[in-house]
Amino acid sequence: MTEPLLKVEGLKKYFPIKKGLLAREAGHVKAVDDVSFEVYEGETLGIVGESGCGKSTTGRMLMRLLDPTEGKVTFNGRVLTEASKEEMRKARREIQMVFQDPYASLNPRHTIGKILEEPLIVHGIGDAKERKKKVYELLEIVGLSSYHAKRYPHQFSGGQRQRIGIARALMTNPKLIIADEPVSALDVSIQSQVLNLMQDLQKDLKLTYIFIAHDLGVVRHISDRVGVMYLGKMVELASSEGLYDKPLHPYTKALLSAVPVPDPNFTREQIIIKGDIPSPSNPPSGCTFHTRCPFKMDVCTQVVPKLEEVESGHSVACHLYNGEMQQ
Amino acid sequence: MSELAPKANVAVKKEREAGPWREAWRSFKKSKVALVGAGIVIFFILLAIFAPWIAPQGINEQNMSIRLQAPSAEHWLGTDDFGRDILSRIIHGARISLWVGFFSVIGSVIVGSTLGIIAGYYGRWVDAIISRIFDIMLAFPSILLAIAVVSVLGPSLQNALIAIAIINIPNFGRLIRSKVLSIKEEEYITSAKAIGMKDFRILFSHILPNSMAPVIVQGTLAIATAIIEAAALGFLGLGAQAPTPEWGKMLADARQYLINAPWTMIFPGLAIMLTVLGFNLMGDGLRDALDPKMKS
Amino acid sequence: MLHYIGRRLLQLIPVLLGMTFVVFMIIRAIPGDPAQVILGQQATKEAIESLRAKLGLDNPWYVQYFDYLKGLFTGDLGESLRTKVPVQDEIWQYLSATLELSLFAIIIAVIIGVNAGIISAWFQNSWFDYTAMILALVGVSMPIFWLGLMLQWVFGIQLDILPTTGREEVRDPVQAVTGLYVIDIFMTGRLDQLGTVLKHLVLPGIALATIPMAIIARMTRSSMLEVMRSDYVRTARAKGQKMFWVVYKHALKNAIIPVLTVIGLQMGLLLGGAILTETIFGWPGIGRYIYEAINFRDYPVIQSGILVVAFIFVMINLLIDLLYSLIDPRIKYD
Amino acid sequence: MSERKAILQVKDLQTSFFTDDGVIPAVDHIDFSIHEGEVLGIVGESGCGKSVTSLSIMGLVQSPPGKITSGEILYGNRDLLKLNEKEMRSVRGNEVAMIFQEPMTSLNPLFTIGNQLMEAILLHKKDWSKAQARNRAVEMMTLVGLPRASELMKEYPHQLSGGMRQRVMIAMSLVCDPKVLIADEPTTALDVTIQAQILQLMKDLNERLNTAVLLITHDLGVVAETCERVIVMYAGQIVEQGPVDIIFKDPQHPYTKGLLQSVPDMRYKKQRLYSIPGNVPRPGSIKQGCRFAARCEFAFDKCLTENPDLYQTSPVHQTRCFLYENEEVHVDDRATVES
Amino acid sequence: SSGDDDNANGDNGGDSSKPKILVFGRGGDSVSLDPATVTDGESFKVTKNVFETLVNFGDQDTEIHPGLAKEWEASDDGLTYTFTLNEGIKFHDGTDFNADAVVFNFDRWANGSGEDFYYYSSMFGGYKGDEGHVIDSVTADGDYKVVFKLKRPQAPFLKNIAMSPFAIASPAAVEEKGEAFGDNPVGTGPFKFVEWKRNDSITIEKNEDYWQDGLPKLDKVIFRSIPDNSARLNALTTGEIDLADGVNPADGATVESNDELQLFERPSMNVGYLGLTSTRPPFDNKLVRQAINHAIDKQAIVDAFFEGRAEVAKNPMPPVIGGYNDDIPGYDYDPAKAKELLAEAGFPDGFEMDLWAMPVPRPYMPDGQKVAEAMQKNLADVGIKANIVSYEWATYLEKARNGEADAFLLGWTGDNGDADNFIYVLLDKDNIGSNNYSYYSNDELHDILIEAQSTVDEDARNDLYMQAQEIIFDDAPWVPIAHSTPLLAGRADITGFLPHPTGSDKLETVDFE
């Protein structure tokens, strides 16, 4: 087995909640609570989950845009969680990010040319001429033209802006791209353009993606492996076929069954789970899903299930399965 | 420029038109009120620049034999108690008011922004200290602060200017601070960090330029306030000294003639009001053009 | 809630302490000597020296400052160097005069300003909107002292319908109880004085109200415009609610919060910033009290006067913050 | 299948925005009708005029800059566009009710849930007492599946989750038994599991109360699962209209086809998604020809110069495309459609 | 009478038993109502009517008349004064006025220290035990006789005794009230203290038991502070006040043309001048000082900014003061001459100087800023560039006193109408660092002034002052500008109001027609 490009072990992020006269810490939002996974070179790992489950927080911690409360991130043999600020800054040349809101992530007062050139300047790559050339080159690659370099973000449509966001992420020839809901803000017809672009780029440039999304269709389409998060925890992690064809975790099942399918003749067994996602500042004890789980057992309210591989390449954190193995 | 092919030239121009400042100018142009404001301001700026050529008389051409004459063909706005032409003095006075307005605001912007950026960017105790200083300054009744400052420094136009600049520091400081705080959270700043940018560059190439719009708006409006404040100090005898034709001082000097020679009082007051109105109108227009979400 | 108030009050201490220090240093930097002022132009050098010693002005500044602070902590605001009257004994009298005027002005400003703002926003781009907003701009562009003089000239002298100075008809003075005359005349049963007391409030009140009125109107308008575009206003209309109630119930309550901030700030400004109005209209208020104290270098009066004004300013803003939580259930201070 | 009466008919509706950048015909001459008890879907990408259509029906288009520049909206035999403000108010919320996209912002944050629900009731039931209104409100909240209904009455919107708020909105829209319920993207802001709950609820209510529902969405999946008939909009116009099962199985308009193909399907993995080239145009930006022509792979010369009509390609199916110009069938009464 | 009828907010209508109330508007509030402890004119304005002195000034001059003392006698050597008091006078608190009360008051003052009783120490050379203390003893001789023994003759002794600070207070009240006496003054005067609203108004009412029959005429007087001159006149116009102190000269004509108002002129006992600090070059040069005297067009200034209601000054004291030297020609307005003198002094091209302008109006200088502006023009005409400088009043005085000004506007109002109170106080070298702001020092002058202080003989004394004025004229330490006639305005129906040159007006004879 090859070494993973990125290895995440026991990642946690607790945001303090401050309260009272002297702003004491009165508790924590457990945004990400003990998440581990690996990403291999050239693959796409999809992460899905409903809003607030900690997807973005995880993504940001990988790049140290947020400092993890606990845990270890190893990239290409380097332990990022222990890197100095300057080392981390340099490492960012190899890991880049694409954001959800393509408009908000582009400085409205800079031209596209400037926005694209900046990563090169920051990392001291090339001289002015080379940089310019690279900018034009990438604009072409993402399906824009060199004359776009002089324009400002607000003069582009949403899809074009997301292409610019992608182009920027590619400027420094990174190995890994973390895409945090890169198509959620886009219309369907544009979404497919961007998804295709990302796939093409991956093939051409041998990129590795971590693709965060809440749309299960999109995730399935683009990912090789998929992790499902619920309330700060990874509840299931499997190859995308494995997950979609044979979901194990009750939450994954419910999630899959809740997604409307654009086929009026398609009927399926719907598992409509009741209630809302509990607050991460006060998560339920034991298995955090037990409050909504149709298969709840006594043990679920007490023991936190571990993410364990129950089939080859298919891990799940659920007492239904873990119990099986123990017996 | 001449080396560029004509076609490229056109293209460049067209592209440039689309920049955010151009956009702002375009939407500014659409507001009639704002244009009227800008017109008034430009009018007074021109008056100020060309005062010596426009004004029929100098600042201090006393002629006791024609004291306190009502407006006439010869003296459009009448004469004051030294027999000086009020129109001329108002025209010359435009220099003073604009000067005080501009430079006091520039002073407060420089000091206020620096403090605000430091507070907003470094946070923690630096922020706490600077913010408390702003609180103290804000809780201080501003006119009293100005009076105190002028009392310390002695009354003169320059010191009035300094006093006004000091009063406005916390306003700009807070504005910039809150702007920095909110821009810090913008996604394009996160993305700048994500490409590995250094803090310094983020601060000056991303945060600062994006905080400028509200500063420009606030600045324009602050010029208006500064002119009134300067006039108030002049009125209290704490501003420009005789025979400088500062409008507030002209008003103060004219007070005793309110009944006998109201024109000595009415016209300088109108001049202040018009100038201030011009800046306010313009500031409003700028706000809509540059930063529609910002509130007064 | 109580915790929150407690914290705010705690935070107040450094600000107010810093304030006393700044004031203390500034006024001592002002050239001019209280002893000189007290004794007047005729005084001899020796007389001045001996008075300085008597007033404790020859102590090092930090001794004076700590003496002052010590006094403050025992509730002693010091006594006037000039009149020897303890500041806490007389400050309320000035403060109440200013409070009455400021309250009157702010009430006018709020009633007219808020409604003008609402109507302007409701009928955006109508002639009313344009007129009101141009007037509001003219309002903030007018030097207050000029406006005051013009009001005196027109209503006092030319038309002779309103008094131009003071708070009361001095020949028939109001018996001060609370210091707020409008209330006092009820307490002393002298309702016949209501007319004159109100008449005295009119001109300075208008002069003082103009700027806040204009600012409030503009703020209300922009805040209302934003709220009127919101989804819940659309929801209210979709229910079939009358426009009037949509505006005055659903929209106004939401729009008023930023306006409240402005009202608080303006009220604070009025308190300290009424010096010009108080001077022009002969109003015996705190602004003039402090201003004259500056002229007379009456250090304890300046220090404590400014401290009290700042304190009220801060308290008003605290009050406004608490008001928010009454209006907006999302704001919980604890 | 039964024959149903059209309860709301939109005829030749045009709504334009008069902005600094010119007149934007956000809704450009659209015709459709909603039948008693049916669930009609409108799908389309962002900016195609879905919300403006629904707001036009409610008479709530923001004015200025918006204005209904032509057309009729017949409710029964009354033209809603001719009603005065007072008459219109008695229709709103009472006979035609609406819920909006954003459950987070559609409730007034400063009033209790109870206050807002009872307001909706008392506005139209003038003779009701407060107690009656309260009972009704509690009843409706229970109906939409909200737990602790009577306690919730005293709570404020921020104390509720998004799904609960959307239920409150639905309860509020139903308090006066409206004949038509317009739901403008009621689940877009919600998570899938919550969306499933809400859609299920709406289907139940539609069946139980027989309220006609106009469901606006951009999610083809939602349409497929919830609606009987669907209208596809593009750049202010209806480009295709018909029963859901027909359109999803056999779409006619190239845009509808493209749209259906570009959605990644969760059930299986496509190697590559179809993608419609180009961008969604802003309404009014295309002055001539078919609005989709620039992105259409079947476009021919005529498409660039003439705007196609909405051709009746079957008794229940209409398409705005020259490809179907010659397949037009004639139906006498378009208001009565068999499905 | 219908005195109050045209008052804008008149109360009960016109019945004749209606109280006569006079509202007197003035520029500032009193500091304290214990006259012995204060120095400001606004305090004396009130105390003058609550308290009385042993001897009085004349109605509109500073001649000495009987007061609480009906007659007095001075010994030939000028060292003993014996006062015989009026009998049957009572203080407002009902206690008797008698010789013991007088002795009590003088003892109280003489036992002061520091700045307790500023005027006492400055007029009588200090307190008991001090080297310069003039009064040796004050004793009662029976109930109605008081004997003053002096250590050395003091020429203006009686004038001093007549000054407001030396009014007799009720011993009982002083002892009872202690520190608070200043808030609760008890004297023998025509009016009793009623109420003090600080910074706003002081009310005094008729003393029904006043010892002079038929006086006072008014039932009540309310002193109101309205700091701004124009505002005060407005208040008079609208009837809010009846009498306004400190009317701008510019408004004199307005008042005169208003039928409902009358104008009062306060007899002049002041001097407004431009001081030339004679220690600062080039003002250490007599020629320069003379040149400036010639350069300034005093008449034009008086015409414009005193509206003619002042006399152009040529001496440091006004003509009403005994010893005034009218033979002095004064410096006429002569720019050519001025230039000549400047050239002679070595400044053919003039020089640059600071010209300090007073920030506040004073009776002797209603508008220092404008006077300075006019002077600036005059000086420019002879080649001197003057920059107008102004400070806040307290700062202005302090800095000027420190000799920091080149030339400064200032003035003086006499306390007791004695020449010594002008020339010695303002120009003697003893008073450098105090009231001699121009740092002028002349030994010859000093000797003359010291001699005059103890010369009891009126004529001899006047001769000395005449000489003094000649010396001063030649040295030209000042540019004397004007002796102004401060203006007051009142309702047309006011009678019996006689403004006093010292600025403290007695109101017992004031009445409404």
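For clarity, chains are labelled A, B, C, D and E in written order, and residue numbers in each chain start from 1.
As a working rule, contacts are C-beta pairs under 8 Å (C-beta built on N, C-alpha and C of every residue); 3 or more make two chains touch, one makes a residue touch a chain.
Here's who's who by UniProt: A = Dipeptide ABC transporter ATP-binding protein; B, C = ABC transporter permease; D = ABC transporter ATP-binding protein.
Since this is a predicted model, take the numbers as computed values, not measurements.
Peer 1: Taking contact as defined at the start, I'd like the list of chains shared as neighbours by chain D and chain E.
Peer 2: C
Peer 1: Quickly list, by label, the chains bordering both chain B (ABC transporter permease) and chain E.
Peer 2: Where chain B (ABC transporter permease) and chain E share a partner, that partner set is C.
Peer 1: When I count C-beta pairs in contact, which pair ends up with more: C-D or A-D?
Peer 2: Ranking C-D and A-D by C-beta contacts puts A-D first.
Peer 1: Farthest from chain D in C-alpha centre terms, which chain would that be?
Peer 2: Max centre-to-centre separation from chain D belongs to E.
Peer 1: Using mean C-alpha positions as chain centres, tell me how far chain B (ABC transporter permease) is from chain C (ABC transporter permease) in Å, no decimals.
Peer 2: Once rounded, the distance between the two centres reads 25 Å.
Peer 1: What's the distance between the Cα centroids of chain B (ABC transporter permease) and chain D, rounded to whole Å?
Peer 2: 51
Peer 1: Mind checking the centre-to-centre distance between chain A and chain E? Centres are C-alpha means, answer in whole Å.
Peer 2: Using C-alpha averages as centres, the distance is 89 Å.
Peer 1: Based only on mean CA positions, could you tell me how far chain A sits from chain B (ABC transporter permease) in angstrom?
Peer 2: A distance of 49 Å separates the two centres.
Peer 1: Give the residues of chain B (ABC transporter permease) that touch two or more other chains, as numbers and ranges in rising order.
Peer 2: Residues 151, 154, 255, 258-259 of chain B (ABC transporter permease) each touch two or more of the other chains.
Peer 1: Give the residues of chain A that touch two or more other chains, as numbers and ranges in rising order.
Peer 2: Residues of chain A touching two or more partner chains: there are none.
Peer 1: In chain C (ABC transporter permease), which residues are in touch with two or more of the other chains?
Peer 2: Touching at least two other chains: 30-32, 152, 157, 294.
Peer 1: Which bits of chain B (ABC transporter permease) are touching chain A when the two form their complex?
Peer 2: Those in contact with chain A are residues 11-12, 15-16, 18-20, 23, 186-188, 190-198, 201, 206, 209-210.
Peer 1: Quick one: in the complex, what on chain B (ABC transporter permease) touches chain C (ABC transporter permease)?
Peer 2: Of all residues in chain B (ABC transporter permease), those touching chain C (ABC transporter permease) are 33, 132-133, 135-136, 139-144, 147-149, 151-152, 154, 224, 228, 231-232, 235-236, 248, 251, 255, 258-259, 262, 265-266, 269, 272-274, 276-277, 280-281, 284, 295-296.
Peer 1: Would you mind writing out the residues of chain B (ABC transporter permease) in touch with chain E in their complex?
Peer 2: Interface residues on the chain B (ABC transporter permease) side: 60, 62, 64, 67, 81-82, 151, 154-155, 237-238, 241-243, 253, 255-260.
Peer 1: Across the complex, what residues on chain A touch chain D?
Peer 2: Residues 50-51, 157, 159-160, 187-193, 195-196, 199, 214-218, 220-222, 240-241, 244, 254-266, 270, 272-274, 276-277.
Peer 1: Would you mind writing out the residues of chain D in touch with chain C (ABC transporter permease) in their complex?
Peer 2: Within the complex, chain D touches chain C (ABC transporter permease) at residues 55, 58, 60, 62, 64, 85, 89-94, 97-98, 100-102, 105-111, 119-120, 123-124, 156, 158, 169, 172-173.
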